[in-house]
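As written, the chains take the letters A, B, C and D, and residue 1 is the first residue of each chain.
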Amino acid sequence: MNFDFTDDQQAIKRTAKDLLAQRFKPDVVRELVEAGRYEDSHFAELAELGWAGIFLDEDQGGQGLGTVELAILMEELGYSLAPVPFLSNAAAGLVLQHAGSDEQRSRWLPGIASGQARGTAGLARDGEGALVADADSAAVIVLLGDGGGTVYEASACEIDPVETIDATRRYARVRPAGDGEALASDPAPALDRIATALAAELTGICQRTMEMSVSYARDRKQFDRPIGAYQAVSHRCADMLREVESARSTTLWAAWAAEAEPETLPLAAAMAKALASDAGWNVTSSALQVHGGVGFTWEHDLHFFFKRAKVDGALFGSAREHRERVAELSGLGAAL
Amino acid sequence: MNFDFTDDQQAIKRTAKDLLAQRFKPDVVRELVEAGRYEDSHFAELAELGWAGIFLDEDQGGQGLGTVELAILMEELGYSLAPVPFLSNAAAGLVLQHAGSDEQRSRWLPGIASGQARGTAGLARDGEGALVADADSAAVIVLLGDGGGTVYEASACEIDPVETIDATRRYARVRPAGDGEALASDPAPALDRIATALAAELTGICQRTMEMSVSYARDRKQFDRPIGAYQAVSHRCADMLREVESARSTTLWAAWAAEAEPETLPLAAAMAKALASDAGWNVTSSALQVHGGVGFTWEHDLHFFFKRAKVDGALFGSAREHRERVAELSGLGAAL
Amino acid sequence: MDLTLSPNEQAFRDVLRSWLAENHPGEEPTGDEAGFEFRVEWQKKLHAAGYAGVSWPEEFGGRGATLVEQAIYGEEMARAKTPSTANVLGLVMGGPVVIAHGSEEQKQRYLEPILSAEEIWCQGFSEPESGSDLASLKTRAVKSDGGWSVTGQKVWTTLAHVSKWCMLVARTDQDAPKHKGLTYFLMDMEQDAVQVRPLHQITGEAEFNELFIEDAYIPDENVLGGVGNGWSVAITTLMHERAGLGAAAAASVKIALGQLIELASEHGMADDPIVRQEIASLLIEAEALRLNAWRGLTAIMKTGTPGPEGSLPKLQWSAVNQGLTELAVTIQGEAGLAKDSDWTYRFLRARANSVEGGTTEILKNIIAERVLGLPKLR
Amino acid sequence: MDLTLSPNEQAFRDVLRSWLAENHPGEEPTGDEAGFEFRVEWQKKLHAAGYAGVSWPEEFGGRGATLVEQAIYGEEMARAKTPSTANVLGLVMGGPVVIAHGSEEQKQRYLEPILSAEEIWCQGFSEPESGSDLASLKTRAVKSDGGWSVTGQKVWTTLAHVSKWCMLVARTDQDAPKHKGLTYFLMDMEQDAVQVRPLHQITGEAEFNELFIEDAYIPDENVLGGVGNGWSVAITTLMHERAGLGAAAAASVKIALGQLIELASEHGMADDPIVRQEIASLLIEAEALRLNAWRGLTAIMKTGTPGPEGSLPKLQWSAVNQGLTELAVTIQGEAGLAKDSDWTYRFLRARANSVEGGTTEILKNIIAERVLGLPKLR
């Protein structure tokens, strides 16, 4: 029983933290977010480091590592609020890796791993994806629904940009216009991993906004005391810690289970995404309250985290939907 | 627009508060509760004062007053934790008053008003009442369900005492053994008034436990300060005030509507009972937390209030059931 | 106890309601400037009908409305979805504070242009370092010939860019205890020493401004309530901010809840048991807010002081409005996250509700200390 | 990262599990005395198999189990629903504190009778006036010939009526600062100067006692850790109370949640969308509690200090246990209010969870100050 990272995992985390802190300084993030765009060189650098395909097999150009390593990167990407098309590409990679045919895998995974031909995946209703991240710059789009999915070349889709409150990521509505190819199998194992990756990103967002709140509560004085000396603030921060660490623990459990105990993955992933989605909302909105007026200004970075957490919470299943899955998997049977 | 009591109503409130404080000193209540019994003279005195029939017409032996006056008494009965068969008798009176036939009214209401032949009413499932207050000492029992109700002579029922966590009131399971007589009309207007009366009792319980908490928080010192100087405690008490006053406002609104604006009563009563049931739970369990260890001892009176609030919250519809009614009455339509 | 309106109150409401039916100016045009002009015209119309300073005494051009009538006014305006008045801070705070603390000359000078919207007012209380702890403000006023020289920074000043007058609190005595060395000024905004910079919020809009004041001049006659009395004059101002807001707030969340119910139906969620419970909870809390507000008003009218319930509506309003806008976003699923939607704007805007006009934490302190008599944290 | 047990850990668990399968003593008989005798026998059996002081070093008759093994022990005991040991406070606190602070003679004298349940221990820390603020305790010990004379009152002393020894903290120096004048004693309970009175709780049971001490005698050799060092010795005791409890607590709420799911099915509520959401929330929080507990243990094993997550399980356990017992009562409707039901007992008993062993408020203070580094309130 060892909940610690291996030395290699520690190294990945350290590298990611340091590099992302360098690349995504607050002013850089702000400039990109306000322009609603990415800087191509950012993703290219991450792909060169092998991050894009970290969980893919080596013969597909990946690193041959697993979901724990992906979760480590995702937490740091959330922490640094990196505006890069990473999650979308990883989602496509996970779906094709776990549910694609041999042909689909060999056709698309190398481009996903190298970042040369990125992919994206999104949930679809009536065949259309309402909110698909980075579809406007992807080479391949996978739309998922009803226990299956379809792989489209991006050129076979109508892609209309959708502006959400989260401008750290680009979204689009995707309507297939040409033919796609069905996945070879149920993408459920991939969806569990995507949910885990999102839970990790939310953990990073929560960690960062908790740190911002604690630091503000130490510095900001009102009535001749740092506000962090008041229990109305300090207990709020203690609650943030509970949510952050619980999100991290369940996320790491799900990430570990993905490879080590796959029968546990569905429950663990549903728990992690439910908990992290709620934590994302509770911690970031609580951080707004701790920051008072200044947190409500556009000039302060807090709202970018708040908005990303809100959208992440809804992507690939809300907290409520994942709780419903937890109930179903825990002896309460399927819902009526 | 005047939310204040009339002079008469003020007088009723003052009399009730003073009298009940005299009669139901904590040691008296404790003795009765620990024995699980009532003192006959207590109810007799209240009946002599005209309280039992306060809302009944004068020609039935009542006072010819209304639901506001009943709510005033109920709040004080809750505040003083009076162990008397008052609510049960009032419930039967309200049902017979609003849904009984002329014959049923003239047969039973005088005894209810004088307290000489008390009544009780309870919700029934499959014809049986699982938890009917004071059935063991009532002359008449009304079982309600499915938009109707049946009036039984107590002698026509099998009555098995049920011990609940709330020993300030006696309960029984009631199984009709002989014939009863159907009510003349839908008891819904009576049920709304009973819900309002319970909301008033819960308001009184909340008021009292809030006062106990505030007083304890002023006196009890830890780390060289009264614990009420810590926001973890003082904000808890502020939240209690919000719930107490909100319960009181909605209860008075419902009580007023009963006579003055009957079309508003169903919504107002559902809101009042939902809010007061939640307040009863939140305020009394919060009071336990404020009191720390001592509140957890049998020697302290707090738990008697806590337990009565818990049972009151479940009687005649839980908070959830009343919220569902609120939804139905507010444009969301009937539930599926 | 009688929760119906008295004949006088009913008459007040009926007259206002039919006046509004005939005189409602319609939807505000888009664009900052056009919107402002529109609100000026609307206020002039209200003023002409005697509906601008409803709470002001008649001798100063107001209507002398009772507290209940003021609350009815707030409800009816919310119900009719009227635009805001152009000079809302002048009407709600500026006028009342001049009436309470001003000299005869000041009353003559300031009141009429507030009512007519000829002179717009803004409020210069908050500073970056002084949010909840208003008395810690640092803007200083130094005595000069026949007046004062003011330097400092203010924040959250709505309408500053169109204002003639700023209700400014500044420190005139550095050595006095925190609450003692303050003075309340009416500062002319039309001077180069006062720079106004728009302050964008998380909604993207710039509803507020920052004020940069460097050596601004304020003549002696613009001191309100006497040098060194700034704290108590400021408190009067803030009390006026709160009076009667409860009923209007209750009416506006009730309207919003109606829209939420429609939204739930449109999205097929009206039958959803969880959504039903959540909406019902919000409806109940909104009703409690309304009743507490009214109960508080009638207590003031009867006893002169508000009952404990009067401290609750602000708290309850912010919780209900935050809750209902969040639920609206959730109900819409992915569509709820779209940037350009009215609900999204309201969702983001509502985040400030528990901070602006007294944070929830400060309000709970006040309830604990002043209503419940719990010891103050020292 | 490897969340499976290592071969050694797995062996520890398998051996324990099969031992339990063969040696489980069955249900505890009713009646206080019979129950206690039963727990004495059970502890003797555990001791004979080397399972009494699992965390104690082998040289003192323990098993020298690692933290992970201790957690496994807690989980397995919870899972097998074994009775408590008779001398639980001696095993969990008394032994460890004697091992940490005791002299050679004290170790010789006290340890073996703890393991064998020949001498039962209780804890005399809390006083009516000193709950969270332990250092404010008032029980005084005055130096006398060859020992100390103790007078005061203690409360919440489980097992006092059957105990031989009380871990007693008393004030030996009235003039020293609050934390400095305390001394840790082992007080012989078999003297008339110590009166034990059962303390009934809101459940109706008397799980705890009050201790009235008047001129009790404690010889010098029963001071533990030196005169004036009582505070740090007491803190050691409390640290031992918390270590490894998380995993056992997680296992026990998991069992309770399984019972709750059964209860929901029995009452036709398994399909209810709201109940499903509530149960799922509890399941998730229970799992987070379990994972935080294990993560905290592996952090201690690797770095010697617990990570931030180690401060959470107590908080989380009390919230989950209170939540699940309340939901169990609600699910049963009117039947849930019955006095004599196991769920009712658990519901009432759970109310103390957020107070006993560190109130939720104190735990949040500790997290804020020690984990997050927020300023202390002074």
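Definition applied: a residue touches a chain if its C-beta (ideal position, glycine included) is under 8 Å from a C-beta of that chain, and two chains touch if they have at least 3 such contacts.
Since this is a predicted model, take the numbers as computed values, not measurements.
Looking at B-D and A-B, the interface holding more C-beta pairs in contact is that of B-D. Farthest from chain C in terms of Cα centroid separation is D. Centre to centre, using the average C-alpha position, chain B and chain C are separated by 40 Å.
Mean C-alpha positions place chain A and chain B at a centre distance of 51 Å.
Multi-chain contact residues, meaning those touching two or more other chains, occur in chain B at positions 230-233, 235, 320. Residues of chain D in contact with at least two other chains: 273-274, 277, 361, 364, 377. In the complex of the two chains, the chain C residues touching chain A come out as 126, 128-129, 131-133, 136, 155-156, 199-202, 204, 274, 329-330, 333-340, 344, 348, 351-352, 354-356, 359-361, 364, 377. Chain D meets chain C in the complex at residues 272-274, 277, 377. Within the complex formed with chain C, the chain A residues making contact are 130-131, 162-167, 221-224, 230, 232-233, 285, 288-289, 292-294, 296-299, 303, 306-307, 310-311, 314, 318, 320. Across the complex, chain B is touched by residues 1-6, 9, 68, 258, 261, 264-265, 270-271, 273, 276-277, 279-281, 283-285, 287-289, 291-292, 294-295, 297-299, 302, 308-309, 311-312, 315-316, 361, 363-365, 367-369, 371-378 of chain C. Per the touch definition, chain A reaches chain B in the complex via residues 230-232, 235.
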